[in-house]
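Next come two complexes, and both contain chain A; in the first it sits with chain B, in the second with chain C.
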Partner chain A sequence: MSFTGDSGTLGALADVGEADALDAQGHVRRRPHFSRRRLREVGLAYLMLSPSMIIFSIFVFYPFLRNFYLGFFRTPPFPGLPKRYVGLEQYREVLTSSAFFNSVKVTVQFALMTVPVGIALGLALAVLAHQQLRGMAVYRTIFSSTVATSVAVASVIFGTLFNPVVGLLPWLGVNPRPPILGNPDWALPAVALITVWQTLGLTFILMSSGLQAIPDELHEAARVDGAGAWARFWKVTLPMLSPTIFFAVVIGGIFAFQTFGQIDLLTQGGPLEKTNVLTYFVYDTLHSKNDDGKAAVLSVALFAITLTLTLVQMRVLERRVHYAR
Partner chain B sequence: MARVVFDHVTKRFGDVVAVDDMSLEVFDQEFLVLLGPSGCGKSTALRMVAGLEDPTEGTITIGDRVVNDVEAKDRDIAMVFQTYALYPHMSVRKNIEFPLRTRKVAPDQRTSLVMEAAESLGLEKLLDRKPAQLSGGQRQRVALARAIVRRPQAFLMDEPLSNLDAKLRVQTRAELIELQRELATTVIYVTHDQVEAMTMGNRIAIMADGLLHQVGPPQAVYEKPANLFVARFIGNPPMQMVAGPVVRIDGQLGVAVEHTVLPLPPEHQAAIERTGVQSVVIGVRPEHLQLGSDGVLPATVSVVESLGHERHVICRLDDEQMVISRQPSDQPAPGEGSMVRLVADPAHLHLYDAETERRIETDGLPPITPRSFPADKARQ
Partner chain C sequence: MRASGPAPPKAGKSKARRVIGKVVRYGLLTLLAAVVLFPLYITVVNSLLRPDQIAARPPKFFPFDPQWDAYSRAWDGGHMSRYLVNSVIVTVAITAGQVVTAILAAYAFAFLEFPLKRTLFAVFLATLMVPFEVTIITNLTTARNLGLLNSYAGLAVPFLATGFGAFLLRQAFLQVPSDLQDAAALDGYGHWRFLARVAVPLARPTVAALSVFAFLGAWNQYLWPLLITEDDEYRTVQIGLEQLSRTSIDQLNVTFAGVVIAALPLVILLLVFQKQLVRGLTAGAVKG
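Let's turn to the complex of A and B:
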């Protein structure tokens, strides 16, 4: 057997054995077959994967597929009656209903209220805390401290502050009627405010790490090249930070589409469905209305939206690689 | 085009003195190399000129202007960084254009200046690429183009060649010298590589521990290192040294080393008499140290290293001290393990006061100090 030209380069694990044939030019036609070593490695790999594959199958893959299936059945009006197979009819019905549109609209509004504001604030704090000043570590700790609070704690704190009887506003002498969380115009912005506050720590940490990843020499080069502080921010900091910002936008978007705790604790989707975000809508449909068929369809929709956002995120992460030095 | 003057400049970071009372004048259109081991303060000195660090004491002058209170962006200098510091999100064209944009140069003028800079560095075909798509050498040239595009008063270069491979470094070294001559501009160049310093600088300024040890043309520094630090730092292999007390035998002065007394040439004896030092260090460059049969210092040949064009013979003295001799490769090589006697060329002996570590001048000239360098020797 002769090895000529590039045919001599072998795959790392595939051996070229006696079975390889020579083509018309005398090149080895590669017919890699699995060596015994390779087979052992594959076997070992599956053995090690099996525990997580079993757990995932039971708790993730099966319920996931089952959920799709559930959406094909109409839930009976009274428990105990048989379910009725309706095929895609229920999907069509639910996904074109005004309640679903309202929920998507509320969720998108919520995302638009929380994500840009949260990122702008987090970035502003990160830029401030990036200065090499005495005592800055204290501020960094304060700015990032909200990561240590849970949604529940944040909701209780703000719920108390907004409380029309014992809250901050009546104490200040302001007593809006109806109370803020009961006001169709103000309930969603109020919940958004709580969410911004609660996620600010995370956004701050994200932006700070993004800033730290920018080499100091770039700022120094820009200073020597004649750029003032403002120009350096717009021409160097912001473009260099853009992958981090994209990342924060996608993460924030996914968080917004998964918001549940603060809605459940503060508004229960009301007033007038104005805070009925998708996740809460799914929950409410299942638990208050006991309509598991409809809830299944809604959660499939939520899955599709989150999947889309995740795909966008993966594209964005590829861009990060492009920026590497 | 301007001179740069450090006048008693000190820089402290907390308790650490990075630059200690440095006074130095870099002449207009001079290529001055700041040379020293890492952590010696050379980069800090350069960064103070750039305006990236503020001196704790003293003044820095660029041209006729004291710049202590002038922002980096208003100093009219350009800097090339070790990492090149190219803006990764901008194309080569945008990178080169950046200093012009920040200074609000008109667009059509910008285009022609960018083309001019790109042409002088052979970057015309790369203008639309991003830095990540360039090789190390190309990035380095983009950094240079960004520096020259504005024709600043002075160029500051912080180890610009150290990220290049050895072959490219030699080539770029020559190109940098050509570029500096072409632009007739002042360059302050920081490096820890003595070959770069020797080959590129009109003068070199050697720093260690924040102190300026010696300033002078490369050959002068090589021939007359002002103190033991410079003597050890410049030259590869470094200057070979033996230390010992001065002894007088039959009216002649010599240096007691191990079991022997090394005799000294008459002018060295006179210098020791004049200065009255008790203990000295004798240094000799490896190329002035020969292996003979009639030398005074016995040694054993330990290793013979052949570099092709020359040979380094590494010997051990009786006290295990290592001494290196440099031979042309056409001489017969000594056998490893053989006994030899070392002979130093008396015309090339260097004498240092062991206590102050300063050079003892043997030609009656005043000692070389950092601040008495002759200005007219700057440009050869």
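Let's turn to the complex of A and C:
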């Protein structure tokens, strides 16, 4: 970044003409600490920030903070009855419940199934597509193509491919009983597979950009030193790509903890809660059970986990700066 | 595009080995491309088959006698036209809104001096730490109280500001050379004119990247539209697709046609704006 401290230049320049104006007696008036110009600049700044701040206040900070408060109240079994203040009791109860442990476990399993596999596949495609071959642009477009699919599109496509009656997977002989998406052993891996495919385009794009940022001289030097393609991949490409990979790991982890559409469309948290990821758990508690006290506690937990992941990301990015330069 | 892959052919290497190497590489690439593309391909094929052909064993992998009526049935009877219009309206509103609010906020952070600047910037960044899923409980109540359930406003308003976009654009604005600021000041440019004539045009790549990023995010939204829409009139494509697949279980071709209709706008976007898309998606990941 070349310019960081020049933000006030325009304002300062403009001040010269007006603030040091002559007063009625012809003496140069001392420039006040806050000139009219300065005040106008401050006003303009707040005006420019206000649309964002209003939206953030109403739809981000207020609902976020209110979660902590809502968690203190037990939702009555019948609507219309008053809420009961229970202090931290509900937090303790929900956060030590086996349903919560199961949900965290399922979410972690889901992240472990999607993130490493997705990144490995995206990286493999990116390395393959990072060659000088005629027609490579076509392959690149195909490898990025799943960016154009949404979670809903991917879920409906694969839901039908997995269908025990008309699906192609059963025709290929993969036909467990009960059917894949209703099978406690298969449902989560199946949803993970769909997610890996749907995010593959994004991962490919990320990894390709990372590869392109690696200076060719490094490969050249390694080649001169007699390193083969395999050695160059492990000794040059992978270390140089590690910042991108770390970024993808953390972002992928955060995405995994926000997984919702696939679950809602394909399994609704079942079978036997084996796909009840945290976000779906919150939604189900809120929407089907109308228990916003419990949903609030779960939201606080979801936030805490995401925050931890984000902090990890910051540490990683910080470290990256040290070894990249 | 420079290659980092295979070494240039060494003098001793025979021509035959080079040809074989090339064939292997193309073969591998084509195989992987086929695997990645297959789910999309079979979707298009199935949308052109009759329902009984879709269920046929062995399955058909090419529509020799394409039936196009599934598209008109998904479009009209399946309400895909309505869902598509809704998605376009909401997505364009969110994208435009995010770009405008982000430009304004970024300008203030990059070019203006005001009290609490650092604190407010931290507040903007803090919004990145709060996933939307965590806010739905109260946002639903708020939307209900404001009469926003089942409305375009309800779908769009919570997303009209972006901490990420403001951050991205501030970084771009900080690159504007100070000479230009001085020159503009000498020419008597006020802040609004400087914003419109100098800052935004210079940051155009970032604005484009942010637009694509916002568009993609808004188009793919699922949870909030599911919570806030109750009928077909305001349902977006993603939610409508679920509705369509549920109501046309015995007409899978219609469901597949709906999938194609839902995916097509983004496919076009990807093909036309590939560069901006790549930049938007990798912003912050590769460059520091």
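Annotations for the structure displayed:
The rule is short, and it goes like this: the second predicted complex is superposed on the first by the 269 of 325 C-alpha atoms of A that agree within 3 Å, B and C clash if a C-alpha of one lies under 4 Å from a C-alpha of the other, contacts with A are read in each partner's own complex, and residues count from 1 in each chain.
Definition applied: a residue touches a chain if its C-beta (ideal position, glycine included) is under 8 Å from a C-beta of that chain, and two chains touch if they have at least 3 such contacts.
Just so you know, these numbers come straight off a predicted model, no measurement behind them.
When the two structures are aligned on the shared chain, A:231 is found in touch with chain B, with no touch to chain C.
Of the two partner chains placed by the overlay, only chain B lies in contact with A:239; chain C stays clear of it. Judged by the number of chain A residues each one touches, C leads among chain B and chain C.
Of the two partner chains placed around the shared chain by superposition, chain C is the only one that A:51 touches, whereas chain B remains out of contact. Contacts of A:297 after superposition on the shared chain: neither chain B nor chain C is touched. Contacts of A:181 after superposition: neither chain B nor chain C is touched. In the superposition on chain A, A:221 contacts chain B only, with no contact to chain C. In the overlay built on the shared chain, the residue A:160 is in contact with chain C alone; chain B does not reach it. Within chain A, the residues touched by chain B in the first complex and by chain C in the second are 223, 324. Those residues of chain A whose C-beta lies close enough to touch chain C in the complex are 1-4, 6-11, 13-14, 38, 41-42, 44-46, 48-49, 51-56, 58-64, 66-67, 70, 125, 127-133, 136, 139, 141-154, 156-161, 165-166, 168, 171, 197, 200, 202, 205-206, 208-214, 216, 219, 223, 229, 232, 237, 243-244, 247-248, 251, 254, 257-258, 260-261, 264-265, 279, 282-283, 286-287, 292, 295-296, 299-300, 302-303, 306-307, 310, 317, 320-321, 324.
Only residues 215, 217-218, 220-228, 231, 235-236, 239-240, 242, 322-325 of chain A touch chain B when the two sit together in their complex. Against chain A, in their complex, chain C makes its touches with residues 1-7, 22, 25-26, 28-29, 32-33, 36-37, 39-40, 42-43, 46, 54-55, 57-59, 100-102, 104-105, 107-108, 110-115, 117, 120, 123-124, 127-131, 133-140, 142, 157-158, 160-163, 166, 171, 174-178, 181-182, 184-186, 189, 191, 194, 216, 219-220, 222-223, 226-227, 237-239, 241-242, 245, 252, 255-256, 258-259, 262-263, 266-267, 269-271, 274, 277-278, 281-282, 285-288. Interface of chain B with chain A (complex): residues 50-52, 71-75, 77-79, 81, 83, 85, 87-90, 98-99, 102-103, 131-132, 146, 156.
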